[in-house]
Structures are given as C-alpha cells and as structure tokens.
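Chain IDs A, B, C, D and E follow the sequence of writing; residue 1 opens each chain.
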C-alpha cells in the first residue's frame, strides 16, 4: 500500500497510463514525419500546416475525449477515443518539431548531399533525418511529458489510468491517492523524458565526439 | 572540355545571375572563375552539375549536353567541394568520403579502399579517418571535403570558394595540395573564388567575370597581368601587377659568385656586407664590415633577406635582391649558397627573356 | 449533430445573459490573464537571470520539464482539497484553478525567456559591455529588447495552453467556457459541448491574434528585419 | 476498439456469453460517486466469487454518460437507482413509491436493458443545509425555503441543474427560485465541502452520504415527493445476463439495506478505506 | 601612452593567453597587434578596457592604472569596435551610435548631434541613420560600429579584427576610412588582426605577437620588413618582403622625358614602344612601332601598366616600370605625363636613398 492505494493498483494504472500516453506519441511521430517533411519541402505549405496542427492544441482535452466517439462512431468508453485524441495532440506538437528539425539541417550539408548525387528521398532519410534527431527528440520529450499530464484528464470520463487516483482521492476526501497519482505521473513523465534523451544520445554519437583538438 | 554555350540564368525573382555566357574550360588543369561578389560565379559553377538549371543555352561536358543526363547520376560523376566543406556531421570522415563510391554502387570493400586512398592523398591519417568532422580543425575538414570529391576518381571536380573559410597559412597549404593533386591525377578542376591572388597563384586558366555573369577575360594568369583586356580586369587584378607577373616569368639568372665567411672568421674592415655561412655552405646571415673589422660574431648577424632557389621565378630572385641588407640576393641550390644577384642582374635577365617585351 | 451545434452557436440566447458565452468568455479570460500574469511574474525574472548569467540553465530546463510533467487535474484536486476549507467565496475555487494554470504556463514562459536572452548575438552583448554598459544596462537595454520575440512567443504558447486548460475550472464550480463542456457532458447535450469546444478554440485564436498584434507593437522592427534576412 | 489492449479484456457486447465458461464474464461500471463505486465493487466481488470473469470500469460519470456506455457495450452492468433511472427514461413520471417507480421503470426500459431485483437500500437525492442555516431560517422541509431561496445559492452536480426533478422540479413543485446554482462536477465530496464551507447554502446530496451525519447537516423533508424512491438495483444489458450473474446479483440486492450501505460509506469516506476492501468484507460476511 | 607592464593573463582553465607582456603603445597613430590565431591578441586588447582582467602586471593609460578606474566608466571613455560590429539589432543606426553619449549622460540633443556627426564621418547618410542594422550591408554595419566607437570623441579606440568579416574590396575602403579618421581626429587606435598585409598597410606601429602573448617585435612596418627581429617574424611577414618594403621607401626618382604621340599621328616603324596621350597629355596606352609604322589606331593600343604619381613610393615606381609593356613606367602628375622610368632608374634612386643600405 502506498497513500492508501494498493501497489498492484498503482502498477495496473501505470501500465494503462503508459499505454494511453505512449502509443499516441509513437503514432503522432509517425504521422508528423511526413507532414513535417511536406512543410519543409513545400515552403508555402508550412504556415497553414503549422497553424492548422497548432489549432488542434487549442481544443480542450475533455471536449475531445467526449466528442470523439460521436465523430468516430466508437463506443463511449473505448480507449480508442483517448488514443485518437492524444495522437492528435502529439501531431499538433510534433509536426512543427519535425519541420524545425528538418529545417535545422545546415544548408551547406544539404547542398553537398545533393551535389554528391543523392536523390531527394534518399537524402531525407540518410542525411536530413539523422541530423534532425536532436531537434525532433527535444520536441518528442515535450510531447511525451505533456501527454502523460493530459491523459490523466481522461479519468473524468471513466477511462482508467493514473488520473483515476485523482477522482477517487478527491471523492473520498483523501489526498493520499492524489499524491500517489501525481507522483506516479511525474515519475513516469521524467522516465520517458530521460529515456528519449538517452535515445537521442545513442542516435547522435557525433555530437559527443568532442571538438577539434 | 566543359563548354558553356550562350548560357543564361534568370532566377525566379528576376535576378539575371548569368547572361549569355559562352566559354570553354580546357581539359585538365585548374580553371578559376573569379570576380566580385554576386557576379554569378557560383551560379555558373552549379549549372555544370545541374544544381542550378540554365534558363537558356546549354552546357556540354565532353560534347555531351548535361541536360541529357539524370541530375543525380551526373552529380555522382563530378566531384564537388564547397566552403566549410559541407561535410555530413553525423558520419565519420571515412563514411563521408565513402559517400559517392557507395552511391555509385561500389561494394563496401572497394568503396572503403578508394576512400582510404583519397584520405591519404589529401594528407590525412587513418586515425583521423575514424573521427567525426567536428573533431577536426577547419583546414582538416576542408581536406576531407576534397577527399570526398576525389574518392570515386571523377574526371571533373568543382570547387566553390573551398579555401576562403580557413586561416591564411592553412589556405596556402591547401592550395598547394590541390595543385599537387590536380597535377598528379590529371583531373579538370573548376574553382570559384573572389580572391584574385588565389586565382592568379592557383589557376592555369583564369576566367574573370563581372556583374551579371559576363566573361571579362579568360586567359592564363601571366597574360592577365600583362594584358588585361579592359579597365575592369586591370583594376581587378589590382596593384603590383607588374611585380606579380614576374612570378610567371621564368629566368635563367646567372648568380655572381659570392665568397662566404664562417662564424668566428676574422674579416677586416672595408669589405662592406659579407655573407656568412656554415660549414655546409648554408647561409646564416649578413655581417657589416664597412667601418669596423674583427672576427664575425653571431650577434652581429643581420637576418637574411628572402632566398632564391635556382629555377625560381624572376619574382623570387628580385625579392631576394631587394630584401637583402646588402642589396645582393642570396641564391641557393639544395640549401647551399651558389652566389648572389643584384636587382640589376635580375632585370637584365628579365629583359633577356623578353619578359617585359622590351 | 453538426447542425445542432450550429443552431446552438447561432442562437442569440446562447451568447447573452449571465450564463451566456459572452459572460463566460469574460470570466474565462479573466482567470487566464491572471494566471498568465502570475506565471510571467515568476518565470520572466528567472529566465532573464538564467539567460544573462548562463547559470542554472540545467536546472531551468529540468525544472521546466518537471513542471510540465505535473498533471493539472491532480494539482487541481489537491489544491481544492487544501484550500476549500481555508478560503471563502469564489476565491476558494479560483485559487486552485489559477495555481494549476500558473504551473502550466511557467515552463513555456521560462524557456522562451531564457532562450530569447541566450539567443542574443554574443557580439552585441560583448559590444554592450565594451562600450561601458553596466550589467543591469546590458540586461534592460540590450538583452531584454532583443529577447522579446522569443519571450513573447513563449507567453503566447503559454496563453494558448492556459485557455484550453482553464476549462477545468468548471469542474470545481466556477464559470468560464468549461461550463459548456462539463454541463453539456452531464446532460448529454453534445451540441453544447461541441459548441463550447469551438468557442474555446476560437477564443484562443483570437487572443493569440491580439497578442501577435501586441508583439508587433513592442518588438523592434530591427529584429523583424534581422529575422527576415 | 481496444482489442489490442492487453488490459481491456471486457467490454465486448458478447462478453456475457463468451468463453464456454458457464459463469461467463462481465464488465461492471459505476457512476462517478463513491457510493456507486462501492456498490459496483460489491457486485464485482460477489460475481467474481461466483466464478464470473469480472472486469471493472468505474467512475464513468453521470447517468447520461454511463447509460450510453452500457448501451454501446463499453460496460455490461452497474448499480442503479430506480427513481433516477425511471425519471431519466420517462421525464413525465409521477410515481414516487418504490413499487410504482419500479413498475414505471420496467415499462420504459429499452429492450436491450434489464433491471434485476431491487434492494431495500435506498439512496435518494435530497436537499441539505447546515444546521446553522436550518436553525437560523427555521427550515425543516424543502418548502420552507420558499421565502429565502432568492438569497441562497444551491449547489450540486451539473446534471441537477437540467434534470426534471432537479432545479426545474424545485421551482415547479415547491416554487423555489435560488439566487444561483453552482455546478460542482468533481464528485459529491466537493458539494459537501462547499456546503460546509459556505460556498453554497443548500446542497443536493445523496441521503446515504456519511458526510451528512459527520457535518451535522440537516436533510430537508420532501413532502411533495419531488425526489422519487431510489432503491438500489442492478442495471444490466440483456445479452449480458446469465443465470449465475442474475442469481448472484439478486443475492446482493437481498443483503443490502440502507443501514449497512450507510455504514459502509462511513468506512469509505470517513475512514478512507479502499472501497474494494470494504466491498470484499461485506461480500465475505453477507453472502 | 598605453603601457603594458609585465602583464600576464591565465584563464581559469589554465590557458596562459598572455605571458609577461610589456610594451608601450605610443600616443596617436595606429598600433596593430598581429600574430597567428590564438596568440593572445584579443586578450591583450581586451585587458586595456578591462573586458578581461590581467592575472598579473598592470596596464596604464596616460600613466594611470586602468585597474583604478571603474570598468564601466573606463570603457565609456574608450572606443571599441569588433568583428561583425556587434550592433544592437533592435536599435536604429542612430540609436546605436548614440549609445555611449547617452551612457555618459549627454542630453539627448547633444548626443544626437554627436552621433549624426560620427555617422557622417564614417561616410553614411542621414537616411541610413534611421535604418536598422539588418537593413545595411556588412560593410555599412562595420562603419556603424566605427561611428559608435567615435561618437563620444574618445582618445583611444580599440578595434578587434574590425574588417575581417567583410569583402576584400570593402575591406580596403574601410581601412582607408579608418586611416583617414585616425589622421583627422588624432586619436590613438589599437587594432588587432591576424592579417600581416593589413597590419603592414595600416599600422604606424606593428606589434608582432607569437603564441602565448609574447611580443616578438614592435616596430614600424618598414623596419619590420627590413629587419625582422627573428625567424618567426621573418616568416610571418612572409614572401615579397623585399618588394613590400619598397612601399616604405620614399624616393626622388627622376623621370626620363618621354615624347608622347596622339591618336591618328603617323609614327614610322622602328621607334619601338611609343606612349600615346590625349591633348591634355593624359596617357592612353602604348603602341608598338617596332616592325611596322603608320597612323596610331585606337585598336592597336596596349593597356597601360600601373601609373606612378610623383611622390609615390619606390614600390609604385618599380611596379609601373615592371608592368609597362615597354619596360618604361609612366610617371604622371595631376594626371599628365611627366616622363617614364626604367626599373634600373628606380633601383638607382633606391640605392641613392640608402633604401637597401647597400
């Protein structure tokens, strides 16, 4: 027991939380990559695209959670609603990040790659994307952390995850579960954050190679 | 070998970067495009490998229109070096240099061997090959850029201000390196710079361009200095061009014999400036024996002027003569004193060669 | 449902009166602005300090990350449980909400501020010191004005998040546009929810536009030109 | 839907008949207030003792939300209250006694839903005030509020504002018009706290809420029976019922009464015990 | 006037950037600190206005230890110009230049007047004064940097590689501008560069530094070229130093009279190279009348070599002689031909001046 909550309950909720926050993060990244690429490739697309995805972020999460079933035809308590909503938020954050990341590739490097005889697609994968990793993972960290926080709102519509500890604790006038929930959320967010930071390090050995002697 | 036929490039914003340019870059040697900033050098260069497409006209390499070749393939067959090298920061030096060999489908072993060869050619070590670009100095990075352009043995290498971002001392090194490599490999180098000194010291052929991509003159450096085609070229090649053209004047200057003395040797007064050398006849400096005599002390030595090596250009000989405190330039061969020359003697030699058409 | 939502939105009764959109928007904006102001009061000085001295950057990044990780709903509940018995009237509900929103806004404002100061051309900073500005003068006359674009975009993105999140105020019984979400859900009037969500998004956009206009006014044109080059 | 989710085993519409296991499986839901949650836990504990594969999805929200959930198959069953459900299904309802309410309820229940046997335990909506307010204004029945309502703020869950037997009913039946309604969405506790701290003057609270006793609140009598009988009853989707489930839930209903429910609520809300454990204890002792 | 007394600077990471440096920057004129990258030039310069604090030793301006003055006040009394100008991007050019006058408390009107004066001095217009830095070219920005440093009439102006980021042509302009301003205002300029050519062409005094902030030689440019103190200086001042030192050799070269012909004039064969001029005796070019004769056609004209103006240095005279196709350099005064000189005549004049101590 911790804060009046069984460890196993915390564990179960944590797993659900990871699932509900993590899967959309990955899906969001997968969707943002081509979107961000389009925004860098076709300059005129960038402003409407960035503004459009940014608009998603202004929709209150609670509204999205509840309205999605109406739009998607899913069941009211379906996890899919939360997954889709969180994916939308992730896309909102990450499209800009991917565009920024691809835009951060030095022009000279890009030119050199073209001059070496890389086709556009190949260049995107072997030159642009690897170099965009630091920027993209920085955005991914923000998205991961926000996802963990936003998902907890889904407790208000009865989708269980750590946020459920908030409603339960509140209803019982007991701060124990709430603190357990907050603590678990923060720890989860920081672990995800650190994990992505680590991944970024692993993916960018050249950044740590030190500078010229 | 590379022929521009009435090539015009207008950018979408209306800038005419290159206007009806026709010229021929001869096979082999280094051809330098030089001109003031914004005159269309880079645009001209980049039309060769289709990084920029001409609006009108055509460009032929070995009589084949580049427009008929697939851009990516064309580019793989042409080396390309730019300022700051444009290396891929996420790849090791070796992987950078292996880029083109891999793109053209060589197997890994062959690509690796070719890359290592190119890396050695530009004077880098195997140890450096496994580093990332950021771990090298600017000059070394630029060398990697050159190696990358050479790795697949292209016939043509394009270079866009390759040395302008490095230290003046390193720049001289790199220039020598590129000249050596060009000679060794017999490739055709087209190089863009806005530095007329670099153009003159490096180019076998120099194309001076003026605003709007007009060709003002295409000539050898010596010709450029002697016979600038117009005021623009004359002012662009700048001051000191009389002196600089001596650099392209070969001379057989006959050195006058010069008796050297060694340190400690007693030299009487009245002998004027005396050249001091060591046992191997290597010059040490000048000592003034005008008013006073006595054994030659190390502290009395005046520093040498610049030295001329047998076979150097008239410029070096004249400078040696002008820079020596004695007015006599020291001429050496393999480091040993052969004799000295006065400025007058150098001038005579120049005249004899018809160097100033006098 | 779309037509129902539309009907709800165009019904004048929806907009006027004590529970109407106009009065709820005003409440919503009031809470949001208070939160933004408080967040700025905390985060801007800290950001300036970090940007100017370069000290505590690591701490700031991680602190901002940790702040982002704190779930708003949990904080709202804790704060409500703690404050409700101790305060009277509306304040008992509003303070927890504002607290949540401040926590939400601190990370973007903080990182915007220090990123802005950090991005100031080192040569300009060096020159400022070199011509004899004191540290305070460097901060106020050079670093702050030059950091404004990033600082203000930090404020803008904070405000977007605040406006979207301020809807949770309705959970604890105060007004704002969240009412439409909560009451709409409770009574299964989804058109009210959808309409409410649209109004929130529109309000966010409107406020962003206003702030963009403000940014135009206060940011030196020199910086705008510099960015375009 | 959640098919790929390893944690989401229940919820399919054919869950009740699945698996060849006679006892079947079921997803129990609950509304977003502690008592309902407790009842759901009791159902869950009893059913799982009976060998049913039980999944829970608690704290769903208001009736409007969970009815939609049970109909679309997100959940299979949950504890309901006769009056509330009947009014929800038929806003015109006039019945107030337990039997009449049940009859009306069963008449209006959609074909895909069933209610099982009702229990004696009753948890009615009520209006409560603090004892100070009651004394000061001399209140015993809802009707006594009539002359004061204009100065008082009413608090309750958001749905109370729009339900026929909520704010509107108060006006129609008792002629009350309050100065304002404060919608308190975050569960009953918020309403209790708000009343205790004076943020609202009159509150809509369930009669079994232990906070009433703790805070010495006064429940105002409802002589006009605005709030209908509210016997606890299992609501279940027709295709989720099987004999084991029906029998077990009926046993639970038989064992429940208002007193033991209220005392369990004291354990949960006042003593802060885990509802699941309280439920387990109850099931172990009474079934 | 500015005196370094045994100044040492060790950075916290242990780098000794400047080691026991003692030197004196004379009042007035331009003193250039030059040396290879990382030798401690910037560090030395920045210790003058206390942007860097010495670890040991002291620096005196007009015999007053800078350490005794408040850093901010000290800096306001010293102009400071850096590479890329370091302008405040959010302020107009005028506001940038008004910075120091405002800091030292001048009222707005006076600050404004002083700033406008400084802006005009560096050759910018009132129109440009109201622009933002980003709206100016790199060279113009650098001018603003200079104006900002001059606005409050400081006695001393420090410049750290002020021209290294601009185009070579613009650079020459700026160098001339700074030299002119220094002469006009009589200020003391301390300038840091790593370009020895810039140092020699700009400096009245050149301090050559070597790694670790050691002073290798402090001398006038001419002295540096004639008598480099050691190998390091000799190699640093580089090639052509014999020739370049002629730039510091004043000469009274007597021009030989030269008969000019005008366009269309009939000149018989056998006259060799003939100088063509217009009615105002302004030189037009050379025509070759060796093998063939006839009226002088404009198309036959060979471009002039460089021209020498009476009073120019020996370097200009020699170059004129060397660059002329005739071997005779054209000497002009106020644009009119005075005569011609042969290289030999120039050498004679140099010898006569004792320019090469011969």
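Keep this in mind: contacts are C-beta pairs under 8 Å (C-beta built on N, C-alpha and C of every residue); 3 or more make two chains touch, one makes a residue touch a chain.
Keep in mind that this is a model prediction, so the values were computed, not measured.
Undergrad: What shortest step count links chain A and chain E in the network of chain contacts?
TA: Minimum number of steps from chain A to chain E: 2.
Undergrad: Using the touch definition from the top, list the chains contacting both chain A and chain B.
TA: Joint contacts: the list comes back empty.
Undergrad: Quick one: point me to the chain whose Cα centre is farthest from that of chain C.
TA: With centres defined by C-alpha atoms, farthest from chain C sits B.
Undergrad: Which of the two pairs, C-D or A-D, is linked by more C-beta contacts?
TA: When A-D is set beside C-D, the one with more contacts is A-D.
Undergrad: Measuring between Cα centroids, which chain is at the maximum distance from chain E?
TA: The most remote chain is D.
Undergrad: Could you state the distance in Å from the CA-based centre of chain D to that of chain E?
TA: Roughly 92 Å separates the two chain centres.
Undergrad: Cα centroid separation between chain A and chain D, in whole Å?
TA: 37
Undergrad: Provide the C-alpha centroid distance between chain A and chain C, rounded to the nearest whole angstrom.
TA: From the centre of chain A to the centre of chain C is 20 Å.
Undergrad: Could you put a whole-Å number on the gap between the CA centroids of chain B and chain E?
TA: About 26 Å separates the centre of chain B from that of chain E.
Undergrad: Find every residue in chain D that makes contact with two or more other chains and list them.
TA: 61, 65, 68, 186, 190, 193
Undergrad: Hunt down the residues of chain C that sit against at least two other chains at once, touch-wise.
TA: In chain C, residues 77, 80-81, 171, 182, 185 touch at least two other chains, as defined above.
Undergrad: Name the residues of chain B that each touch 2 or more other chains.
TA: If we look for residues of chain B contacting two or more partner chains, we find none.
Undergrad: Which of line, ring, star, complete and other names the graph you get from chains that touch?
TA: Contact map by chain: other.
Undergrad: So which chains actually touch one another? I want all the pairs, not just one.
TA: According to the stated criterion, the contacting chain pairs are A-B, A-C, A-D, B-E, C-D, C-E.
Undergrad: Under the stated contact criterion, what part of chain C meets chain D in this complex?
TA: Result: residues 77, 80-81, 84-85, 88-90, 92-93, 170-173, 179, 182-183, 185-189 of chain C touch chain D.
Undergrad: Spell out the part of chain C that touches chain E in their complex, as residue ranges.
TA: Against chain E, chain C makes touches at 121, 123-134, 137, 141-142, 145-146, 148, 219-223, 225-226, 228-229.
Undergrad: Show which residues of chain C lie in contact with chain A when the two form their complex.
TA: Residues 1, 65-66, 68-75, 77-78, 80-82, 160-161, 163-165, 167-168, 171, 178, 181-182, 185, 190, 193-194, 196-197, 200-201, 204-205 of chain C touch chain A in their complex.
Undergrad: Once bound in the complex, which stretches of chain A touch chain C?
TA: Going by the criterion above, the answer is residues 54-55, 57-64, 66-67, 70, 141-142, 145-146, 148-149, 152-153, 155-157, 162-163, 165-167, 169-170, 173, 175, 178-179, 181-182, 185-186, 188-190, 193.
Undergrad: Residue numbers of chain E touching chain B in their complex, please.
TA: 36-37, 167-169, 194-195, 225-228, 230-231, 234, 239-243, 245-246, 273, 302-303, 305-306, 315-316, 318-329, 343-344, 347, 351, 356-358
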